[in-house]
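Below, subunit A partners subunit B and then partners subunit C, in two separate complexes.
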Partner chain A sequence: MIEITIDNKTVEANEGETVLQAALRNGIEIPHFCYHPCLSIAGNCRVCLVKVDGRPKLMPACNQTVAPNMVVETEAPEVQSARAAVMQFIMLNHPGDCGICDKAGECRVQEYQFKYGMAEPISIEPKHHKKKFNYLSERIVLDNERCILCSRCVRFTREVSKSAQLGIVERGSHSYVARLDAQPFDDPYSDNVLGICPTGALLSREFMYKSRVWYLEPVRSVCTRCARGCSVNVWRRKKHWYVRSLGEEKNITAYRISPLENPEINGRWICNTGFDLHKFMARPRAMAPMMAGNTVTVDEASAEANRLLAGATNPAIILSAHASNEELQAFKEKLSPRVQVYTREDYCPAEGEVVEDDLLIRADKNPNSYSVHAMFGQKAFSAAAGHDVVIVWGDQVDYTSLGNAKIIHLTSYAPEQETRADVLLPISTTFERSGTFCNFEGKTNRFEQVFDKPKLVQHASDLFGRL
Partner chain B sequence: MTETRVFFNFDVTADSHTLAAYRQRGGYQALEKVLKGMQPIDVENEVKASGLRGRGGAGFPTGMKWSFVNKQSPVIYLCCNADEGEPGTFKDRWIFENTSHQLIEGMIIASYALKVRHSFIYIRGEFDLPYRRLMEALKEAKEAGLVGEKILGTEFSCDIIVHQGGGAYVCGEESSLLTSIEGFKGYPKNKPPFPAVKGLYQKPTVINNVETLATIPWILANGGATYAAIGTEKCSGTKLFGVSGHVNRPGLFEKPMGYSYKKLIYEDCGGILGGKELKAVIPGGSSTPVLLPSEIETLTMDAEAVQAAGSMLGSGGVIVIAEGTCMVRLLQVLSRFYAHESCGQCTPCREGSAWMNDIITRISRGKGVKGDLERLECITKGIMGNTVCALGDAASMPVNGFLKKFRHEFEYFIEHGRSMYDGRLEI
Partner chain C sequence: MKKEYWNKPTMGLWERLYIFEVIRGLCITGGVFFGNMWKWITFRKGALTAYYPEEIRSDYSPNNRGRHILTQRPNGEVQCVSCNMCATVCPAYCIEIQSTANFEDPFHPKAPDRFEIDYSRCIFCGFCVEACPEDAIRMSKDVPNLPGFDRTKMWAPQDLLMNWQPQRNPAKVYPSAQTSTQEVHP
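Right after this comes the complex of A and B.
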């Protein structure tokens, strides 16, 4: 531990840390664009310049290693004027089209311009134009005019995702970010650059013009697309801004997914599959209980399920690896002694999907296999065991593999098959309940309820008490 | 010849650049003396005693630069900065074209002093003849056992690797020169760490200018004290000055430090073209602040004196400007150069240099408005000292200098929409 003084305040800094890191950890704000805690230090935005005692020039706080008894000033007049000058330079050719920019409201350039910039621009030159709305990939557009060339995205593809697909080409004020070999930016982690971009240069094509960000709020959730179980934020409309007349479905739409920092599991990143979690969740749902293809009431369906189970001589259940720990516990207490338990993987890697890599993506495409295996072992269903009633929990089930048994199906999504379950009971998705998953390392991660469940849909944990 | 000469001590002929000719004028004797009879630390002390200062522009004492390097490090690199890009400077080109062997000898001696196994020459990409001459000389030297394994039969080995630049002015800045050699885009690095601690491939590195390294053999042959006796007390030795602009005999001159600017311009260069009055002098390459005739009246060519006059000795590229030149248009040429050469890494220089160029170009087209000059001063204030490397300062200093000394010309141009000096300069 080293003691340094920032703005007349003594703070403790770790050896080898930079002034910026020490300041941020101690709640002292120093503006920064290019510095990112997970990336190497570029020191190119120059907005974090601070006065360090004994140095003839202002030093970038992001590149200044702390030394014992160092005295740093972040609000000295020369620091403020340098900051204002840098903001003036950054805004010089920045289009300032916040009114039509998706980033407005969570844009660092906007924030710092209000906080540290000059009230009036001193430039009267026409702005230099660059290419707007560049196609970068199916997922991302790049607006070179808004780009402030902080190189965060470039460093991300070089240092984190290791695809090195982005670079800065040309020189001087003509520089711009581009995919270096005229190919789409198809890095499996590409969408992370949307979050680290300090301004509206990199934008999601999917989210574009869908909503202003200040209408939305994040809810903590867990990605269910692989056994890593990354923490994510699901962005829903704030209650205050609910749409009342037109398009009420907007109130129960997940607008976008963003990574939620979780140093234990995923750091600050998630993969593109995770960014698509809301689309995965928006598939056609099973909305009402059914018996042999006919819609029935909840009571009728559960009565029929009860009847089938009571009359069964050799009932079985196939567990879902998408069930939360709480649901598995409820099942264990209420139903498991009466049935033979089997497990399965609900989802297998899709064609063309990255199966597994060194960064985050795991080959097991289900969020809670760890708990299922820990509580009930690992035993695949076999039709040869002669079960006469089978409860299938989860989706993506091939009924034909179950033999001639009567089927009670608990599912969130509409089955794709023609053949029908004898009883189909719709259950809630992870967005509609809260609970926990254990990822492949056994680390528990909590998800919160984002939306209310539809009326006829039930929580699986409630169902087991009734059966 | 009464003056001591380090470079201009032979007649340039068709084959004066060859190894045979260089040996004839005493070449590679210093190398033999060093490798066979001196310890590395003795060489360093000799260079320290000579008071030699870097010839690239900053004028940092060479011996001190060498002493900063941790000699215990398993790998140390030496880089020769031959990316001569400063407008007005053309001294290194002459060295490559006429006496490449002098540089090679200097590099091997420096490598010996610094315990370097691999040294690099980063040569400006636009150099064609200089590059060919250097490669010929390297080939000759290798065949003669002067470069490579076991030089002159001793245990010392050193290879010289030549790297051609891609045409970026910024790569003359030492840290971007290193990134360029490493194969990356020529972006300067933030300091600290300094190259002497973490330079090329993260190893301690010494970077010296061509002229600096080519002076080393003379110092070792004649002794550091002899060299220190030339020139002024704080600025020893001789230096190559390239004079360009409105003089009768432009060219390259080797003069001892402390020589008079007036003598250089009026005697050695034969005065101003067409007998015109002197208007201004840019003393050390385009980025140094401009000086008025009254300021160079008694000025001598050494770092301290020029600094006292408010400018810099720089790389020794003297640009002479005759009466009748439009300073607005001249500044426009300079600012266009810096806007074009800014690497684009850090914000103030990337945006500021292009912005200044926009304003100055607008003024020079007769579209200047009131407030433009204050705006320019505000921009230079925002750039200077706030950038990663010195290019931002280099772009701002001429603007500041011109505005300070020729403000009336700019004001006239803005007010009347045309230059005080219309028409071509008659010379």
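Right after this comes the complex of A and C.
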């Protein structure tokens, strides 16, 4: 432990830590663009300049290691004027088109310009124009004018995703970010650069102009696309910004997914599949209970399911690895003594998808296999066991593998093949309930309800009480 | 002296008899009513009452904040860049905007696809006009004239807002897409 003084406040810093890290950890704000806690130190934006006693010049806080009895000032007049000058330089060719920039509202350049910048530019030269809309890939659009060349995205691809696809080319004011071999930026973690970009240079093409960010709010959730179970934020519309004329469905749409920092599971990153979680969730839903292909009421369907179960001599259930721990517990208490339990993987890796890597992506594409296996073991269903009623829980069911048994199907999404389930009961998705998942390491992660469930859809945990 | 906290009675005996004074009042209002009616029967303008919505006043002040106008660029496209400042500042939450992207025109990449104002909620405060950085929304002195029985039908769509009183002289002028300068090496 080293004691240093920042702004007349004595703070404790760790050996080898930088002034910026020590200040941020102690709640002292020093502006920074290029510094990111998960990336190496570049020290190129110069907006974190602070005054260190005994040094003739201002020092960048992000690259200044703490030393005993160091005295740092972050609000001295010379620091403030240096910051204003740095902002002046960064804004020199920045178009300032916040009105049409999707980043406005969560943009560091905008924030610091208001806080530390000068009111009016002093440059008399016209702004230097660059190419505005570059498609880096199918997912990302790059606006060279807005880029401040902090190199966060470049360092991300070199240090975190290790694809080293991005670099900065050309010189001086012509510099811009590009993939060095002129291929699309197809890193499986590419969308993380949208979040770490301190300005609106890198934007999602899918979210482009969908909504201003201050109309949205994040809700903590868990990605269900693999056994890693990364923490994510699901962005939904704030209640008092609900639209009326533009369509009610906009109010119950997940606008985008962003990573939620969770040092124990995913750090600050998620993969592109996780960024597409809202599209995965927006597939056609099973909205109403059905019996042999005909829509019926909830009561009729539950009664029929009850009758089938009561009359069964050898009932079985195939568990879903998309069930939360709470639902599995409800099932264990209410139903499991009466039925034979089997397990199943709802989703297998899709074609062309990254199956597994050593950063985040896991080969098991279901979020809660760990709990299912821990509570009920691992046993694949076989039609030869002679079950006369089978409850299938989950999506992507191949009915032909179930033999001639009567089928009670609990699913969130409309079955792809024509349903021959005797009773189909729609259940809620991860976005419509709250609960916990255990990831492949057994770490529990909580997700919260984002939207209300549709009227005819039931929570699986309520359903087991009725059966 | 003891202080008195109650009002002195102001009515005399005649007023307190009530019925005669009421008749006197009825005579006054009735006289005005029948006078106006006689003028109306003989096709003259009687009282100052306007028969809204059949009859609309012609003497609104030029500063009156009335119906909105979306200005157009010289080529007839909408001037609005869909920045949502008006929708954000609107205290009645009555503006809803859906945006589209046109990356071919780097000076105007974002434009509204649907720009709708709910006149059943609008309070005509003029904040949207003040907030607009593009001179894209103005208010005319005319009233919306949207009386109806169903408030869900009082939405004014973008077409109507642009074209009911077209104005093509926005204060902020953009270069056209053709003259746009991409990166030029000196």
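Keep in mind that, in the parts below, the second predicted complex is superposed on the first by the 466 of 467 C-alpha atoms of A that agree within 3 Å, B and C clash if a C-alpha of one lies under 4 Å from a C-alpha of the other, contacts with A are read in each partner's own complex, and residues count from 1 in each chain.
The rule we apply is simple: a residue touches a chain if its C-beta (ideal position, glycine included) is under 8 Å from a C-beta of that chain, and two chains touch if they have at least 3 such contacts.
No experiment lies behind these values; they were computed from the predicted model shown.
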Of the two partner chains, subunit B (first) and subunit C (second), which one does A:H174 touch, if any: first, second, both, or neither? both
Figure out whether A:G99 sits in contact with subunit B (first) or subunit C (second), or with both, or with neither. second
Would you check which partner chain A:I318 touches, where first means subunit B only, second means subunit C only, and both and neither mean what they say? neither
Look at A:K132 in the shared chain and tell me whether it touches subunit B only, subunit C only, both, or neither; answer first, second, both or neither. second
Taking the superposition on A as described, I'd like to know which of subunit B and subunit C A:R212 touches: first, second, both or neither. second
Could you say whether A:I30 touches subunit B, subunit C, both of them, or neither, answering first, second, both or neither? neither
Between subunit B and subunit C, which makes contact with more of the residues in subunit A? B
Dual-contact residues of subunit A (subunit B, subunit C) 174
Mind pulling up the subunit C residues that touch subunit A in the complex? 81-85, 88, 93, 96, 98-101, 103, 106, 109-110, 114, 116, 118, 133-134, 155, 180-185
Taking the touch rule as given, give the residues of subunit A at its contact with subunit C in the complex, in rising order. 99-100, 129-133, 141, 144, 174, 208-210, 212, 214-215, 240-241, 243-246
Subunit B residues touching subunit A in their complex are 168, 185, 190, 192, 339-348, 350-355, 358-359, 362, 369, 375, 378, 381-383, 385-388
Please output the residues of subunit A touching subunit B within their complex, sorted ascending. 41, 43-47, 49, 57-58, 60, 63, 65, 81-82, 85-86, 88-90, 92-93, 122-125, 128, 148-149, 167-168, 170-175
